[in-house]
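Labels run A, B, C and D following the written order; every chain starts at residue 1.
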Amino acid sequence: MNDLKVVVIGGGSSYTPELVEGFINRYDELEITELHLVDIESGKEKLNTIFNLSKRMIEKANVGIKIFQTLDRQKALEDADFIMTQIRVGGLDARVLDERIPLSHGIIGQETNGAGGMFKALRTIPVILDIVEDVKKYAKKDAWLINFTNPAGMVTEAVNRYSDFDRVVGLCNIPVNMKNQFGEIFDVDPETIELDIVGVNHHFFVTDILLEGKSSIKALLDMYASGELQNTPTMNNIESLQWSKSLIKSLEAIPNPYLNYYFMTKEQLKAEREQYEENNVRAEEVKNIEKELFQEYADPDLDVKPKALEERGGAYYSDAACSLVDSIVNNRHDIQYVNTLNKGTVSDFPYESVIETASIITSDGPKPLNYGQIPYKLNGTLQTIKTFERMVCEAAVKGDRDIAIAALTLNPLVDSDTVANDVFEELYQAHKTYLPQFD
Amino acid sequence: MNDLKVVVIGGGSSYTPELVEGFINRYDELEITELHLVDIESGKEKLNTIFNLSKRMIEKANVGIKIFQTLDRQKALEDADFIMTQIRVGGLDARVLDERIPLSHGIIGQETNGAGGMFKALRTIPVILDIVEDVKKYAKKDAWLINFTNPAGMVTEAVNRYSDFDRVVGLCNIPVNMKNQFGEIFDVDPETIELDIVGVNHHFFVTDILLEGKSSIKALLDMYASGELQNTPTMNNIESLQWSKSLIKSLEAIPNPYLNYYFMTKEQLKAEREQYEENNVRAEEVKNIEKELFQEYADPDLDVKPKALEERGGAYYSDAACSLVDSIVNNRHDIQYVNTLNKGTVSDFPYESVIETASIITSDGPKPLNYGQIPYKLNGTLQTIKTFERMVCEAAVKGDRDIAIAALTLNPLVDSDTVANDVFEELYQAHKTYLPQFD
Amino acid sequence: MNDLKVVVIGGGSSYTPELVEGFINRYDELEITELHLVDIESGKEKLNTIFNLSKRMIEKANVGIKIFQTLDRQKALEDADFIMTQIRVGGLDARVLDERIPLSHGIIGQETNGAGGMFKALRTIPVILDIVEDVKKYAKKDAWLINFTNPAGMVTEAVNRYSDFDRVVGLCNIPVNMKNQFGEIFDVDPETIELDIVGVNHHFFVTDILLEGKSSIKALLDMYASGELQNTPTMNNIESLQWSKSLIKSLEAIPNPYLNYYFMTKEQLKAEREQYEENNVRAEEVKNIEKELFQEYADPDLDVKPKALEERGGAYYSDAACSLVDSIVNNRHDIQYVNTLNKGTVSDFPYESVIETASIITSDGPKPLNYGQIPYKLNGTLQTIKTFERMVCEAAVKGDRDIAIAALTLNPLVDSDTVANDVFEELYQAHKTYLPQFD
Amino acid sequence: MNDLKVVVIGGGSSYTPELVEGFINRYDELEITELHLVDIESGKEKLNTIFNLSKRMIEKANVGIKIFQTLDRQKALEDADFIMTQIRVGGLDARVLDERIPLSHGIIGQETNGAGGMFKALRTIPVILDIVEDVKKYAKKDAWLINFTNPAGMVTEAVNRYSDFDRVVGLCNIPVNMKNQFGEIFDVDPETIELDIVGVNHHFFVTDILLEGKSSIKALLDMYASGELQNTPTMNNIESLQWSKSLIKSLEAIPNPYLNYYFMTKEQLKAEREQYEENNVRAEEVKNIEKELFQEYADPDLDVKPKALEERGGAYYSDAACSLVDSIVNNRHDIQYVNTLNKGTVSDFPYESVIETASIITSDGPKPLNYGQIPYKLNGTLQTIKTFERMVCEAAVKGDRDIAIAALTLNPLVDSDTVANDVFEELYQAHKTYLPQFD
């Protein structure tokens, strides 16, 4: 009997029903007995909506999960086994600014490795480090922190570098989404596919695809070369753009969809500028989706995860999280793609940095499969983003505006030092409340 | 008695008089007895002008250097001690295209690490590898090849990776120019200054400045922070733009002037677009300078290096080359900044790659001073250019257009995969004669 | 239907019945349809005995394996899926010399990383490289070579470094034996145990023991510290000696039993010298065991693997091999301990060297779990043996006696350069027939 | 006017007159104005003898050095520019025990990397770390600590790893002695020779010899191969033994004389055992030499460094130290062989460890010339000693007997874990007074 206590910080998130569904579906193997949804004062109403829906879902499923809602984080953390963080500091309104302000200066904002993502990191990292302190104090000694707050790579890097807590795993749904799309391409069950990936969160390449253990990257590259395939896997929150045959062929690797931002900057920027003009950048779109979702959630007759949630960009995030908990608890040794310490897995990345990589999941946490050296053609762009991530983490923890501005200047999406200064200043003023470390 | 034979390939270059002056000035220490100027058919006339001027200079100086001109490279190379390469495949007209075609697509061309520099490399590398084969066959076993043909870093990398000849040194005048400018800033003799530099040709940072051996980077950074200094060292062929205080302060390093292209792309592009509209891009400007220089050179009364040559962007290149020859011949152990094999000098660069670095110059060639790890903030941009360089070398040697296009796509100056394809295609058509390996 | 063809080179080995038993037990999952036992002329009689016993075993088990015996290696290899090598060049008589001659010079011979093992490698590696050539020519393109001929580490290193064939795995039974003994210590099923090991064949340390995925090395170290446990796991062919508490405690690792030779040299030498005087060194003992085994095997009533085989030092070798074949064929992803290319798995070992390490076994071969840096206290001794292995491989392939002598001189079991020279010379004379590369 | 203050800790050492002579000879370039000889109570008498002799030497030379003697270390350190440490904790009597006790257990003691050297390190490192604290508190901010107390490598490693003081250089006379002997072999001025060395203090190999900058290792190896040369350079405190041709030829490197201990252990041990029986181990011999030296020093008519000092094993140590001070003060950029931080100079050694390596000496301290990867054949033995050094440093600082015993067990001179335990225990009891950290 595992008798697990799980705490979800940012429990009022619209993703929570997927998480609850995941725990219900795995009830027999996981035996979660307590599920605590934690949020902050300003999220109280949403939390309540989510709590009530979750309660109905659990009752309908007739499983022995006791569910709680609270604003008292420390109390909730007492003797917790797993802590999941899915917070959004400043809410979606902050994200709207993260996207619109850079666009007003002629650069892509995006919420991961651009100016927008940087400010999300600057707002989020100090809060996560506070949570980590509470986890160390209140949770079980062998508790795991599973983070799927974006930018998940930087958050995990910051916890590893700037706290003495190392039982943290960062999660992203992109590798799983790519697996699913490769499954369609090859017309096989995605469960029988494994990927060799190299890089960091939202910035990696697939360098091999194993179908029932057989290396199949060459077959895939041939499909692109012949024109049989035209698009690489994409995300429903990213413009679908077609890579040139030359790029795929010579890199011998499939770029993850976020690489659009870096290697089709011009087209991506054009599309986003149009959304900007129409007041319909991704964050604004998401706000509408969320509004509708919460209306649906509030329906007292709803007692399952609504279909509409799957349209949201982060689909499978929560399922990936449940799957991770399951594999840790049950020492499953299945391969998952997680953000974890490099420690030489990829020879060319810093030993102490976090990477996104294929790992077997055990009761001792993720154990990365060795990767080796980065194929040389991929090295430059991957190192650039890793440098950016480390600079942002340092700026976030130290409240150092010079490092933040330099990070932006060095970012390939930013086309000038002066733009970097201007964008930083305007975003800083806009988010000042959430950036006390820069006072 | 050294009794040295020196062969200058591309002897008809406008830089040659500086080289001749350098050899005259060092005659007592070097004892060069034969100087062979080699060029190709289409450069015959210029070669003759240079040869006559050089002859007059030598006679005036009354030193025992015998000078020759020839189109027969192999014969000239027989028993040579030093071979200097300063060729320009396609001439300045090709450089005009290298700059104008990318600008017509909205990107910076520039002759080093951008689209223009890439095509210069694609044209030059096969020719240099041919020269290397001749050197191996005809020159002395312990002959040195000193290359100052741009892109000097890529050319040196290509020789090291794609031939079995390793007695090659690549030269650039930027470190010396920066030393001179630091000398002015600190009001000291530049000879008493040493620099710690990290990076590759045209893409490095100065991470320390030693004044009579005392580390003085902090003093310099303070001058920038206080506003006492506003501009970092620059080149007269590059727009002088002012870095933000944040960048200099947080990087704790002085960027080399070519980094303008990467971190002030927007402003640099604007300035170059204006030159483009006025038919006055740098290559066009240089063509005019060259024309005037050769008119001056042809004056039968001229018997010294004309002052005007110093205005040309490459000033001190040839002096640096003479100084290098001197230090090799005389085992001087002075510190020079050269392009040479990394072999672990900078821990994070590939072991087998070429870097630009401080080395003592001995009769066994350059011996780099150990540098250690790249300061992490500089790692991304440096690795990006190293990746670009390696891809261009591979594309040049294999005639692989896919790799060339991918190299452009990954280059931070190029804002889209589609632009990369278009620019490649147009430049390729323009330079086809000089790119037989892509047939 | 897998329809596998397996070829066993050295089929006349006394271990073969275990292999046959393994294939019989796994018949439903593996579907081996052809099993070819190959040997050389001088081993014909033994081969026949083994063949007949195997045939009786298969018939008794009533499985669909067709079994063959042959001296024609190339024919047997045609379209093979798996090739297993368990050869002994020179037979046990050679091993007697490997052990006795060094002992006569006052040093331990031993058949792995000492003088004896070196000569076994010198005799074996050229033969294995010949086999590899045949495998490349005759076997299926995706055939695997599974080697359990000792010294298994060096043999695998040599194949990786000196051929262009990389589908090779080296096997050893020690990790499995250690797992079994840890199972007894903790009173758990060994199947639920995993080990973190670092090193090379016969020279590694266990740096963690995971019981159902939970790190338990501290508990184990405490048992040694308190005296509750006195002996580390051992082999029945190695003297059982007791490590000092200081060693175990400060290394925070459990030495593999072969490390006795290196860290209890004096006692081990004393014991072996006594065996030497009594004409009962391990090889002589094994000769007697073998003789009895073959008498037993010849019994026409015997139709199962005889119990006595388990007393032989190599027990579980063959079972490990069957298990490896099974996991490759069925893409099992279970963790096995194999000799495979490092490629950065252990950061401090050469990238291109072979190590013994925990790997998941897939249809694409072994995928090592990342290990990271060697704990610094273990680094010296591990690098010493890796250096020794590489030198022996180079000497074996090039027939270079100087390197062989230097390898011995640098080996910690050899106490003098002069002894190294003398021992080399005497062993060389004794084994000359099998060392044509040194002529 | 430099106006330097130099403090010699262990000023009563018999080596001091060489140091004083060195400062006198370099008076014009160095302008040392104050020289403080510091010692402890029990060395008072010797200190006085040395002080008086030094005073007479200075007076005779008629240079402006003011000399002082004192037992007050902290006062002497006030505003010091250079601090030299040449202490011997426990004196020569302790060294006698360091050599005799191991020999009584059948192993070589030796004062560097064996059991004896380990105990010298255990006694010395805490004292040096205390001195470092005083240097930080009292000396000038940019003062340099120059250590030539043995084991110089471990002492320098300990200061770098276990204090936050990094202006330390460790010195040894072996590289200079080898240069001198190579000078004789090639019949050239040793000043025109440079060495490529790889390793640590007392355990390195010469991998190239440059005669006026020309690589000449092949010529040297040929002399050994042909028998023209039989002995590698040696020290007068080490048995002169002849390496086998195979070793030199295949390593392509010249071992430093201390490597006798490791690769001719048997012969070296035999010779030392004889000395042991005759009560004439090296330490006992040195005691006699010292006694005579001090008698000579006391002669009031003596006013120059006596010839006899040159027979002492450490000749040229002090001259090397003066030369180092000179090059730092005058930013000379000459190549010297020092113990300094690796920082990637040798790729395979730990980044943060101390190595002995060729460096140019500047006013910013030693700048190592890049070395690159360790030739693979040398890697094992070099890593073994580096591991030993690090373990001894850790044991010395933490007072951890388990690590000390394990370090001995892993040392190639010690043939058994049980011997390691016994030798440790007996040496510990003998030196207990000087090992308070182990209480």
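Convention: a contact is a pair of C-beta atoms (placed from the backbone, for glycine too) under 8 Å apart; a residue touches a chain by one contact, two chains touch by 3 or more.
Just so we're on the same page, UniProt names per chain: A, B, C, D = 6-phospho-beta-glucosidase.
Quantities reported herein were computed from a predicted structural model and do not represent experimental measurements.
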| item | value |
| --- | --- |
| Chain labels contacting subunit A (6-phospho-beta-glucosidase) and also subunit B (6-phospho-beta-glucosidase) | none |
| Shortest path length from subunit B (6-phospho-beta-glucosidase) to subunit C (6-phospho-beta-glucosidase) (each step joins two touching chains) | 2 |
| Most remote chain, CA-based centroid, reference being subunit B (6-phospho-beta-glucosidase) | C |
| Separation of subunit B (6-phospho-beta-glucosidase) from subunit D (6-phospho-beta-glucosidase), taking each centre as the mean of its C-alpha atoms, in whole Å | 45 |
| Between subunit D (6-phospho-beta-glucosidase) and subunit A (6-phospho-beta-glucosidase), distance of the C-alpha-averaged centres to the nearest whole Å | 55 |
| Touch relationships between chains, expressed as pairs | A-B, A-C, B-D, C-D |
| Residues of subunit B (6-phospho-beta-glucosidase) touching subunit D (6-phospho-beta-glucosidase) in the complex | 194, 210, 212-215, 331, 333-335, 343-347, 351, 360, 362-364, 367-373 |
| In the complex with subunit B (6-phospho-beta-glucosidase), residue positions of subunit A (6-phospho-beta-glucosidase) that touch it | 243-247, 249-251, 263-267, 269, 348, 350, 376-381, 383-388, 390-391, 400-403, 405-406, 409-410, 412, 415-421 |
